[in-house]
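In what follows, a single structure is set out as C-alpha cells and then discussed.
When the chains are written out, they are named A, B, C, D and E in that same order, and each has its own residue count from 1.
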Amino acid sequence: MRRASLATLFFVILVAIWHFIVRAGIWSPVLLPSPQSVGEYLVGAVRDGTLLEATGVTVRRLLFGYLIGIAIGLPLGLFTSASKFAEDTIGVMALGLQTLPSVCWIPLALLWFGQTESAMLFVVIMGTVWSVVIATDTGVRNIPPIFARAARTMGSRGLHKWTKVILPASLPFLVSGMKQGWAFAWRSLMAAEIYVTILTGFGLGHLLHYGRELQAMDQVIGVMLVIITIGLLTDKILFSPIERFLHNRWGTGLR
Amino acid sequence: MSLREELQGLPPAKLAVEDVSKWFRTSRQTVHALDHISLDINEGEFVCLVGPSGCGKSTLLDIIAGLATPDEGRVMADNEPVLSPGRHRLVMFQEAALFPWLDVTGNVMFGLKLKPGLKNKERREVAKFFLHLVGLEKFAAAHVHELSGGMKQRVALARALAPNPRVLLMDEPFAALDALTREQLYSDIQRIWEKRRKTIVFVTHNVREAVCLADRVILFSRNPGRIREQFDIPLPRPRDINSIELAEYAGKITRALKGHSEEEPAEE
Amino acid sequence: DNAALRVGHFPNITHAQALVAHNLSRQGKGWFEERLGPGTKIEWFVYNAGPSAMEAIFAKSIDLTYVGPGPALNAYTRSSGAEVRLIAGAANGGAALVVQPDQKLAAPADFRGKKIATPQLGNTQDISCRAWLTAGGLKITQLGGDAQVLPTQNPDQLSLFQQKRVDAVWTIEPWVSRLEREAGGKILVDERDVATTVLVSSAKFLADHRDLAKKFAQAHAELTDWIVKNPEEAQKLIRAELLAETKSDMAPDLIAQSWKRIVFTAETPRASVESFMQNSVKAGFIKSVPDLSKLFEKP
Amino acid sequence: MRRASLATLFFVILVAIWHFIVRAGIWSPVLLPSPQSVGEYLVGAVRDGTLLEATGVTVRRLLFGYLIGIAIGLPLGLFTSASKFAEDTIGVMALGLQTLPSVCWIPLALLWFGQTESAMLFVVIMGTVWSVVIATDTGVRNIPPIFARAARTMGSRGLHKWTKVILPASLPFLVSGMKQGWAFAWRSLMAAEIYVTILTGFGLGHLLHYGRELQAMDQVIGVMLVIITIGLLTDKILFSPIERFLHNRWGTGLR
Amino acid sequence: MSLREELQGLPPAKLAVEDVSKWFRTSRQTVHALDHISLDINEGEFVCLVGPSGCGKSTLLDIIAGLATPDEGRVMADNEPVLSPGRHRLVMFQEAALFPWLDVTGNVMFGLKLKPGLKNKERREVAKFFLHLVGLEKFAAAHVHELSGGMKQRVALARALAPNPRVLLMDEPFAALDALTREQLYSDIQRIWEKRRKTIVFVTHNVREAVCLADRVILFSRNPGRIREQFDIPLPRPRDINSIELAEYAGKITRALKGHSEEEPAEE
C-alpha cells in the first residue's frame, strides 16, 4: 500500500511540475501544452467519438494482420525447423527479412495495393510473420532432446508428436516470439498510419499525424497517451494470461 | 483389452542381445562404443549394467529400446527383432523428462493416450492406479515443477509403468537424487517390481545400488565397450542397501571394477 | 450503366475544378452528375500528393484524377506508357520560386551551395526547379549536388523559410502568396505558361468507357469556363470545400491573391508537357525522352 | 558444401522465376521491376555515390542515437533494479514508454527540434532507451542470488560488486535487451527517415521514400536489399561476437 | 604480507557461537529456525553439522559467515564479534557458484583481487598454487561450463582457499555430486586440510560423509532448531569412507538421527 501510494504521488508530482512549467511560460505552448489542454482534448475526442473510432480502426487492422501473420509464420517456422533445405532457404530469407524494418514495405505495399486496407494489412503481416517464423524455429530447436526421446519411446510420432510434444514444448519460445512479433506489428502499423492516409478509415496514427499538421500539441500528446494505454492493455489482455499460465506450468520466472 | 487386464499387467518379455556392435563416427575420431555384446535376459529378470563412464551402457540401452540401431548384430524381444521404439519397451532416463505443459496425471496418461482400445475414463483410472502405486495420488493435479527430484522420478516411473510395457529400461534413473530419497526409491521399486513383474534393464554407476536391486549385475569395460564379468546376486528380497551381506557383494564387484579401470589409461 | 465514376483530386487551390465540383456534389447539385446523365454517381477521392493518386490509378481504385504533370508523366514513363492518359488541361501557372529577401539570388549560378525547398520529389515544381538549376550550369542529383533541392512538405517550407534555414522555395499557390505575406519572400521566377494541373485518366477506363470519359472532359471544359467567368462564386465554393476537407479555414483574401497567379484552362498543355519531359530528363528522373504519342488522348 | 550449393541454387532459381514473371508481362513493370533493372539501379547508385552517402548518414544517426540510448538506459536500469521507489516510478514509466512505438515521437520531435538531426537522434534514443532500461532491470533481477552471496563473503561490495559481479552476471540479458533496442532503433529511424526530410542529410529511408515518389520500383527494391544487408551485417559485426563470447563462456546455445 | 606467508597460510581461528536464536517471519507463519544454540569450535577443528532438512544448519552457517544476523546471541571469531561477511571466513555452497564470465583462474583470483597488498603477478601465482593443490592446474584457462560437477567444486574450494581464510564454512558442498567423485573429494579435502589447517564447519545430510571428515559431528533436531547430541570421531586419518570402523560410527549416529526424527511429526 505504501509503495503504491508513493508511486502515485510521484506521478502526481510529475504532472504538477509539468503544469507549473507550462504556467511559468518558459516554453511556448506550441512546444509544450498544459496538462489541462491535453485532458480537454482527450475528453473532447472521446465525446465526439473520434478517439473510439480511430482506436477501433487501428486495433482491427492490428489484430487481423497479426493473426494472419501468425497463421502464416507458425507453419513456416515448423517447416524450417523440420527440414534442412527449408532452413537454408526459407530460414535464411526469414532472417534477412526480419532485419528489414517493416515500414520499408510501405512503398511497395502502396504501389501494389494502393492506399487500401490491404496495404496496411500487408505491412502488419510483414512485421509479424518473420519474427514468428524465427521464434518457432528457435523454439523447436531448443526443445530438450530428452522430451522427443521420451515421447518416441511411448509411441508418439507424426502429427501426434508435432501437436502434443513439439508445439507445447516450444511454447515459451513461441510466446516470446509472438510478443516480439506484436511489438514489431504495432510499430509498423503506427509508422504506416502516420505516413499514409488510408481512404477507408483513420487510425490513431492518422490522428497523431494530423495533430502534427495542425501543430496541435495537445492532440499529439493526448493520442500518445492513448497509444501507450493500448500498448499496456494488450500486453495485459493478450500476453499476461499466457505468460502467467506458462510460468505457472513451467515454474519459471516466479520472483 | 479390459481395464482389469490393463491393471493386471502383461507377462514380462524375454530379451536377447545378439552380437551387437556399434561405432560412433565424428569428424575427429571414431569411438567403438559396443564390441560384440551378447546377452540373454530372462522373462522378469532384473539386470543391472555397471561400468565406467563411456563404456556404452546408455548406447546398449538405446539399442534395446529401438532408439538407436546397432551397426552389427541385433536385439530380439520375445524372438521378434527390435526395429523401432515400441510401447512394450519403455525407457526411464536420468532426468525425469516429464512434460512441463502437462500436470502429473497428464504425464502419466501420455503413453496411455497412445494406446488404442481404452476409454478416457479408463485411462484416468489406470493413471490413478499407478500414481497410487508410486505413492503420489495426492499430487495427481500438481505441476511438474512443484515436485522434488525424487517425486519426479516416481512420476516418471508411473508414466513408464502405465502403458503396461513388458520391458522397462532405466538409465541411471536415481543418479541425480540425494541419498535419502534414493534409499526410499530402492524399497519402492522392489515393492513395485514384486507386484508388477517386468523385465528390467537398469544402468547405474553405483555398485551398491546395483547389488541392492539386481538379480544379475553385468560389468562393462570400455574402449571398446565389452562385457567383462557377470555376478549373480542371490540375496533374498526386499534388500536393505545398508546390510552387511550387500556390502560384501558390493565390495567384490567394486574391486573387479577398479581392477579393470587400472588396466586402461586414466580418465582425464 | 450505373457505374460510379471515381475521381481523385488534392485539397489544393490549383485543383479548382475538382474543388468546386466536389462541393457541388456535396450539396446535391453535382456538376458532373447533371451533365453525365441520370444515374451517374461521382465518388470523390482526396489525395495529398501525386504519387498517391498515381498509385491509386495503378491499383485501379480510381478512374480519373486531377494531378500535376510531373507525377502523371512519371507514371506514364514508369509503366512504359501502359497505364495513364492525359485527357485535358486544368490549370497553368500558380507556381513560383520565392527567395529570401536579404540574399542576392538572381540567377541559377547564385544558388551554388544553397538549399531550395520543393513540395515533393519529382513533382512539377521539383522538376522545374532542378531543370532551371541544371540549365544554369549546376549539377543536381537526387540527394544533393551543387545545390541542395529539399523535397519538403508545404507547411514545413513556410516555417523553414521563416527560420531562414532554407534559402529559397519553389512551390505552388497558396503557399507562394503565404511566403510573400508571412515571410517577406521575394518572387524570382514566376512561370505562368507552365502546366500545373492536368486531368488524367487510367488507360483502361478510357478504353472501356470512352463515352463517359468524353462527357466528363466536356463537362470539365464547361466548368473551367464557368470558374473563369464567376471567380467570386467559385472562390466561395473552394473555400467551403477546403474547410470540409482539411478542417482549416483559408482566408478569402489569400485565395484571391493566389487566384491572380493561376490560369484555368481546359486546353491540353502539349507544349508545356513536352518541355517538361525534357526537364525531367535533365533532372535525371527519366533516363531518355519516352515516346509521348500515347500520352495525349482526346476522348 | 552440398547444403550451401543447394541453398544457393534455390535463391538463383528464385531470381530466375522473378525474371521470367517480369518477362511474361503478367504484372505491369510499375508493380514489379525486373531483377536487371534493380541491379542497374544499385550499380548506378553505387557509382554516383548516392547509396554510400545515404548509408553513411543513416548508420551515423543510428550509431549515435543507439550509443546515447545505452548510455542513458544502462544506469537507469541499474537504478530501477536497485531501488523499490525507482522501480515503481521510472520502471513503470519505462514499461509504458516501451510499448509506445517510437515513430510516435516523431511529431513531437519535429515540433521540439524542427527538421534537424536532433529530432532524428531523439527518435532513435527513444527507441533504444526503454528497451535497455527494462533489459538491465530484468537482467539484474535474474542474477542467481548465490552469485551475490558468494561475492559478498569474499568481500565484494559497492562499486566492485556492481562492476565485477552484477553487470557481468546480467550480461546475457543485457545483450538480448540491446539487440531488441537495436531492432527498435533501426525500425524507428527508418520510419522517421521515410516520414520526414531532414535538412542535414538524406538517409536510406529518404531514398526509399523518393523511390516511392518517383514510382521507381527498382529503386524501392534496391534500397530494401541494401537495408536488409545492413541489418544482417550489423548483426554479424555488432552482436555476433558478443553472443559468441557469451555462449562460449556460459556454455549456452551450443547446438 | 609476503607471497611466502600468503602461501603458508594464516593460523586457523577459534569460533564461539553464543546462545544464538533466529526466527523467520513470513506473512503466513513464523519459523523458529535456531533456538539458543551455543557451540565452541577450536582452532583448526573440523566440525560437521548433521540433521534433518529445515533444522537450521544453513541458517547457522550464514550467521557464522556474517551473511545473516541472529535475533538473539552472537558469534565470536577469535573473541571478536562477527558483524558482517569477512575475508577470514569464506563459504562454499552446494552449488559451486562459480562466475561463468571468468575462467577458472579468474574465479580463483576473484577473492584475491579484493585483498590489498598483493601484486597481480603474486595473485596469479597464488591462484596457480591452489589450482595445483586441488589438482586442476591443467584447467587454469578453462571455462566454467566445461568442468564437471566435481571439478567445479574443486575450483570453488580453491577459490575459497586462495584468499587464505582462517575459517572455511561449507554448506553441503558435495551433495550434488555422484558417489565416485565424492569419494575422490573426501580424500582430497583430508589431504588439503592436513596441509593447510583451517577451522572448518561442514554441513551435510550424509552421516558417512560427516564421520569420514569430522573431528566432531554435531546432531541437530528441528522445530525449533536445536543441538541434540555431539559425537567425537577419534578415528585416525586419512579415513576411507568404506572402512568398517567408520560404518560403525555412522550406524550409531544414523540411529540417533532416526530416533529424533521419529519423535517429531513426519515430513510431508
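Methods note: a residue touches a chain if its C-beta (ideal position, glycine included) is under 8 Å from a C-beta of that chain, and two chains touch if they have at least 3 such contacts.
The model shown is predicted, which means the values in this text are computed figures rather than measured ones.
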| request: Count the smallest number of chain-to-chain hops linking subunit C with subunit E, moving only between touching chains. | output: 2
| query | Does D-E or A-C have more contacting C-beta pairs? | reply | D-E
| message | Please identify the chain with the largest separation between its CA centroid and the CA centroid of subunit E. | response | C
| request: Quick one: report the Å distance separating subunit A from subunit D, using the average Cα coordinate of each chain. | output: 16
| Centre distance in Å when subunit B and subunit E are each reduced to the mean of their C-alpha atoms | 36
| query | Taking each chain's centre as its mean C-alpha position, how far apart are subunit D and subunit E in Å? | reply | 48
| message | What's the distance between the Cα centroids of subunit A and subunit C, rounded to whole Å? | response | 38
| What are the residues of subunit C that contact at least two other chains? | 51, 55, 58
| said: Give the residues of subunit A touching no fewer than two other chains, as numbers and ranges. | reply: 110-112
| remark: Contacts with two or more other chains occur in subunit E at residues none
| query | For subunit A, which residues count as touching subunit B in their complex? | reply | 144, 146-147, 149-156, 160, 164-165, 168-169, 171, 248-252
| task | Provide the residue numbers of subunit E that touch subunit D in the complex, in ascending order. | result | 65-67, 85-87, 89-91, 93, 95, 97, 99-102, 110-111, 114-115, 143-146, 159, 163
| query | Within the complex, which stretch of subunit A touches subunit D? | reply | 3-4, 6-7, 10-11, 30-31, 84-85, 88-89, 92, 95-97, 99-108, 110-112, 141, 180, 183-184, 186-188, 190-191, 194-195, 205, 208-209, 211-212, 215, 217, 220-221, 223-224, 227-228, 231-232, 234-235, 255
| remark: As the complex stands, subunit D meets subunit C at residues 28-31, 48, 50, 53-54, 114-115, 197, 199, 202, 206-207, 209-210, 212-217
| Contact set on subunit A toward subunit C in their complex | 110-116, 196-197, 199, 213-214
